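Each structure below is given as structure tokens.
Next, two complexes with chain A in common: one pairs it with chain B, the other with chain C.
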Partner chain A sequence: MKQKQRRIDLQPWQDSKAKPYIHLEGVSKEFNGVLAVDDVTLSIFQEEFFSLLGPSGCGKTTLLRMLSGFEMPTKGKIYIDGVDVTRRPAYDRPVNMMFQSYALFPHMTVEQNIAFGLKQERIPRAEIQERVKEVLKLVQMEKYGSRAPHQLSGGQKQRVALARSLVKRPKLLLLDEPLAALDKRLREQTQFELVNIQEKVGITFIMVTHDQEEAMTMSTRLGVMDHGRLRQVSTPNEVYEYPNSEYVADFIGSINKFEGLVTEVDDNHILVDSEETGSELYVGHSADAPVGSHVKVAIRPEKMMIDHAAPNQKKNVTKGIVRDIGYLGDVSIYHVELKSGKIVLATQPNLVRLAERPVTWDDTVYLFWRAENSIVLTA
Partner chain B sequence: MQNKLSPFLKTMMIFGYAFLYLPILTLIIFSFNSSRQVTVWQGFSTQWYTALLQDEALLKSLWISIQVATSAATLAVILGTLAAISLVRFGRFKGRGFFGILTTAPMIMPEVITGLSLLLLFVGLEQIIGWPHGRGILTITFAHTTLCMAYVTIIVRGRLADMDVSLEEAALDLGARPIKVFTAIILPIIFPALLSGWLLAFALSLDDLVIASFVAGPGSSTLPMVIFSSIRFGITPQINALATLIITTVAIGVMIAGWLMHRKK
Partner chain C sequence: MKSILQKLKLNFTSPFWVTVIPFGWLLLFFLIPFLIVLKISLSDLKFGLPPYAPLIEWTSEGLLIIKINLTNYTFIGTDSLYLFAYLDSLAIALLGTIGCLCIGYPMAYGIAKASPSKRTILLMLIILPFWTSFLLRVYAWIGILSPQGYINTLLINLGLISSPLSLIDNTFATVLGIIYCYLPFMILPLYAFLEKIDHTLLEAAYDLGARPFQAFIRIIWPLSRPGVIAGSLLVFIPAVGEFVIPELLGGSQTLMIGKVIWNEFFTNRTWPVAAALAVIMLVFLILPIAIFQRYQEQQVRFLDAE
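Our next item is the complex of A and B:
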């Protein structure tokens, strides 16, 4: 996974004395008896770029709409910079939102669109003009101020929408799938731009997305949601390397899981006996799993090593036949069938060209991994 | 793409347009006829236009019709827009379906029934609360508003349903209060629908004979009522002249409206 190296390496969530900037306290939202958001408690710190990630219908958009004031929570409280805003209407919150459809007013020019929010605050005209100019420069759209929205391309509309939501200098900016309407190439380029702009203006961002790559690339931290609940809140790296549940592990990237019985636990390792691999699995960290309990040991495909020759280790190794190879250009994904019938994925960088590849279809190969690269999933 | 029409389609098209516009064309031509006979061409003359300008009863009824149509169309646009907004934007309130049917009912109701029931209503109201006093321009306006509002509601409702809700949310989010959202965002965006609703309502009101006949009082005959009653004494080419003037005005109005809307796009 690529992650942009962040300039701010402070990690306020690590500091127990740090004061959260945005705080949700036991927030729930019910629609006709169905819980869309279920008891979410979450603290977000100043200047964070936080992502809410989850499949459609997981409640992430509802959560965003409660922060913006378009929905009122059924239960719970929302604080922004220490102020309870739970019952405040959308027009009376220090929060702005960038809509998925961009929602540019079709009957106004780019400049008028951006100035709209400032006009509501009755700011003097000269200052409005100056701030509009400034923000247009920030998103590199100075030349397009007098255009109408329908004269802009998708990427330009996205910039104008961003400018319009930034110009009021909100305490919190919400982004609802901000890049979903762009094509892949433009999206990747815009991801970094958006992060750069966020760092420049120093506004706290909360983004909703279903695209895990987007969330990983852009966020300081992300929250994985499922059925209205927050399943895990952590840094992209942490969520990827140490998912706290099978759900999170499956949702972010792909992962191989082996069922097994815990035979040994202590402070720095766990030993699991797995029928699926036909070997003992040694996990290099401890977990809350007593001896005799059923657990799953999970390893990411790119951490799997693959070779014809047996490795120099007795644990964390299994054997199978290559059934399929997915060629992606930079990497290949090997689908290896174990004796138990289980298919294991192993990703290998294509260091040599396709024709010279050492491992090919129907080869019998060994799969093995380092003890510190596997994790135990108990939930 | 080939733009050539097959001979069959061409013939159908010519017949179709002829069917629609030949009567109107005949009417216009005969308005310049010098004969008193409506169906026999004698020679070119503008005498009927001169006669028209001297026919006070006809001109008075035209003035009444324009007054009624203007106020009825304006009222219908206001009420119809409010109805459309409550139907589209206020969620599923209790009785929403019933309300939706009620607003459009005057459209499918036979005009005779609408006219009669409104007449009974006005008479009943006058007996109970003493208002509206008698029948005249006011009652015709109310009756036409009832009819036209149904059409306006449907037009505005369609436009509102097409409008992205997030535009309103974006305006709220940027600090505009609901009233401001309505005047600064919703109104300008649905304006074309309001304009076409108004024009349609105006045309409907100008055109109506049946309902007006029920609810009109002495001295408040509308143009269609006067024309219709004049048929009994034999139609004069004066009516042709008047119709020609109305058609010309409407055509110019439609062209201007079309041009304005095209320019906005």
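Our next item is the complex of A and C:
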């Protein structure tokens, strides 16, 4: 099947001339002297599925509420499709929100819930009916139009909430933890559905979530937030492979970090001397770290190789004893204790059955990795 | 305590007791008194104590005589005074209820929206007047409204009026008294329902393009309707039969059914007529109670799901 070429596949954020669709400029929000959102500048492009990711209290929900118009920024400006909406109230913005609690009106049927927003626009009744029907079909809830919200399951409520926020065809749809109330299986299935629907309707989505897996699978780009600040904005792949700070590296997935001193640096590599590993660490990219400065070299557990035999390399290698093995079915996580006492994680796919596993408890093993798979964290 | 209950084999949480206790209560304090009143209303008037003839009588010949006297009811129909008293009572109670609703709704909404710590204080302030005797509070209004009262004195001293306004001994004062005395009964159930409404529903309405007023009309008002009905009935039902307020503030021109019943009982000593008046009033009031019941069931259905 041939896929429609979408604007977003062109990666407009790579193009310096591309015009952002949603633009936040130095947006801050203060609550009783506490900065909930601290000077956020962010551009989001049309048809993007953007995720704001962060722990609770990091300001991501406040940012979403400022986009929806429920909160007014203390400082800064918000533009949607070139129009300054900073001071516009929620009812006067081309933005709709899907609430975490779904916020379906309990005294209205599914159809009445969905028609609510259209009635506010004084759209003719026939058109309302048609659009309600269309959107119910989109979320596969055609048969439930006359049900009351309390007669629906969690997944069905979620669909109705989505339909209600989509039916007005907003320029921007905000999703506040849209899948948090669903159980794991349903959540995974719904993730893809939501992305499919987004591609179909072509509306720009901004989602708030604390679930990194959700953000990774669904988004075109994501922004990692911490203490009201945006720490990194990039594609899921880039954020995972090239976190720009220790905070982001820790927040997304797990990562091994070795402290050390920079001994050599040039345009395409850095050499770090680490006591923790007892070897020199060669990183295959440059970083803003002068010789003699303290840095951390980070390697994802799945990029660690593990073997009884010493590898054919002198750099990027360390030795330790297997203390623990976490068996997850598809992969196993080896907890290897180095001489320094540091525990290093290495994930290996379970290519053979458990009983035939070559590396087991209390084995002395070598851990090693390729130079291009490690990164230097300076912040 | 537990052992005594166990010895007596009384488990008050069993389905049997859970139904028997409220029904027993209703039987003892509602149905039986009502049947006594009904019995009196069907009796003949008699001089003596009690001032009515028994309904069931054994004669010396061993005959069982049951005399049901409907003339008390037909008598009420013949005198238009009673009809007007009923209508006036309903009208005054209705005005009082509307007044309570108009004042109480914004207050209840304000309390429900206040921060939890402020809420407690505000609710206390609503309940506080109850700590003073009801009679005293109504009496105090005489001091405020009478020709020599605070309002008239103030207005005359300010030179706004030359002779006192007649603020008391009329329907206005009665309605005012009812609004004042029954306001908490309106606010408390309203508050209970308004407080339960999820604030995000209001945000959802704004988000979908509803301005604050529209959002109120289409979301908050319908969801608070059971509270409006509960509060209105709690005000309306006792207000219809109110005696003290029209007696103290209404003067001679306000004829409410409570006062008429009192007169029949104590001035005319016609207990059967008074009882018949009370029975008719109850029949009038059953209707709104039934409506309330229906709405309450509906509300339970909403809340089931949440």
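Here, the second predicted complex is superposed on the first by the 371 of 379 C-alpha atoms of A that agree within 3 Å, B and C clash if a C-alpha of one lies under 4 Å from a C-alpha of the other, contacts with A are read in each partner's own complex, and residues count from 1 in each chain.
Just so we're on the same page, contacts are C-beta pairs under 8 Å (C-beta built on N, C-alpha and C of every residue); 3 or more make two chains touch, one makes a residue touch a chain.
Keep in mind that this is a model prediction, so the values were computed, not measured.
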Overlay on chain A: chain C relative to chain B, clash or fit: clash
Which superposed partner A:Arg164 touches (first chain B, second chain C, both, neither): both
Which superposed partner A:Pro149 touches (first chain B, second chain C, both, neither): second
Doubly contacted residues of chain A, that is, touched by chain B and again by chain C: 68-70, 89-91, 95-97, 99, 101, 103, 105-107, 116-117, 120-121, 164-165, 168
Chain B-facing residues of chain A, complex: 68-70, 89-92, 95-97, 99-101, 103, 105-107, 116-117, 120-121, 164-165, 168
Chain A partner contacts - residues on chain B that touch it in the complex: 164, 166-167, 169-178, 180, 184-185, 188-189
Touch list for chain C against partner chain A, complex: 198, 200-201, 203-211, 214-215, 218-219, 222-223, 301-302, 304-306
Residues on chain A engaged by chain C in the complex (per definition of touch): 68-70, 89-91, 95-97, 99, 101, 103-107, 116-117, 120-121, 148-151, 164-165, 168
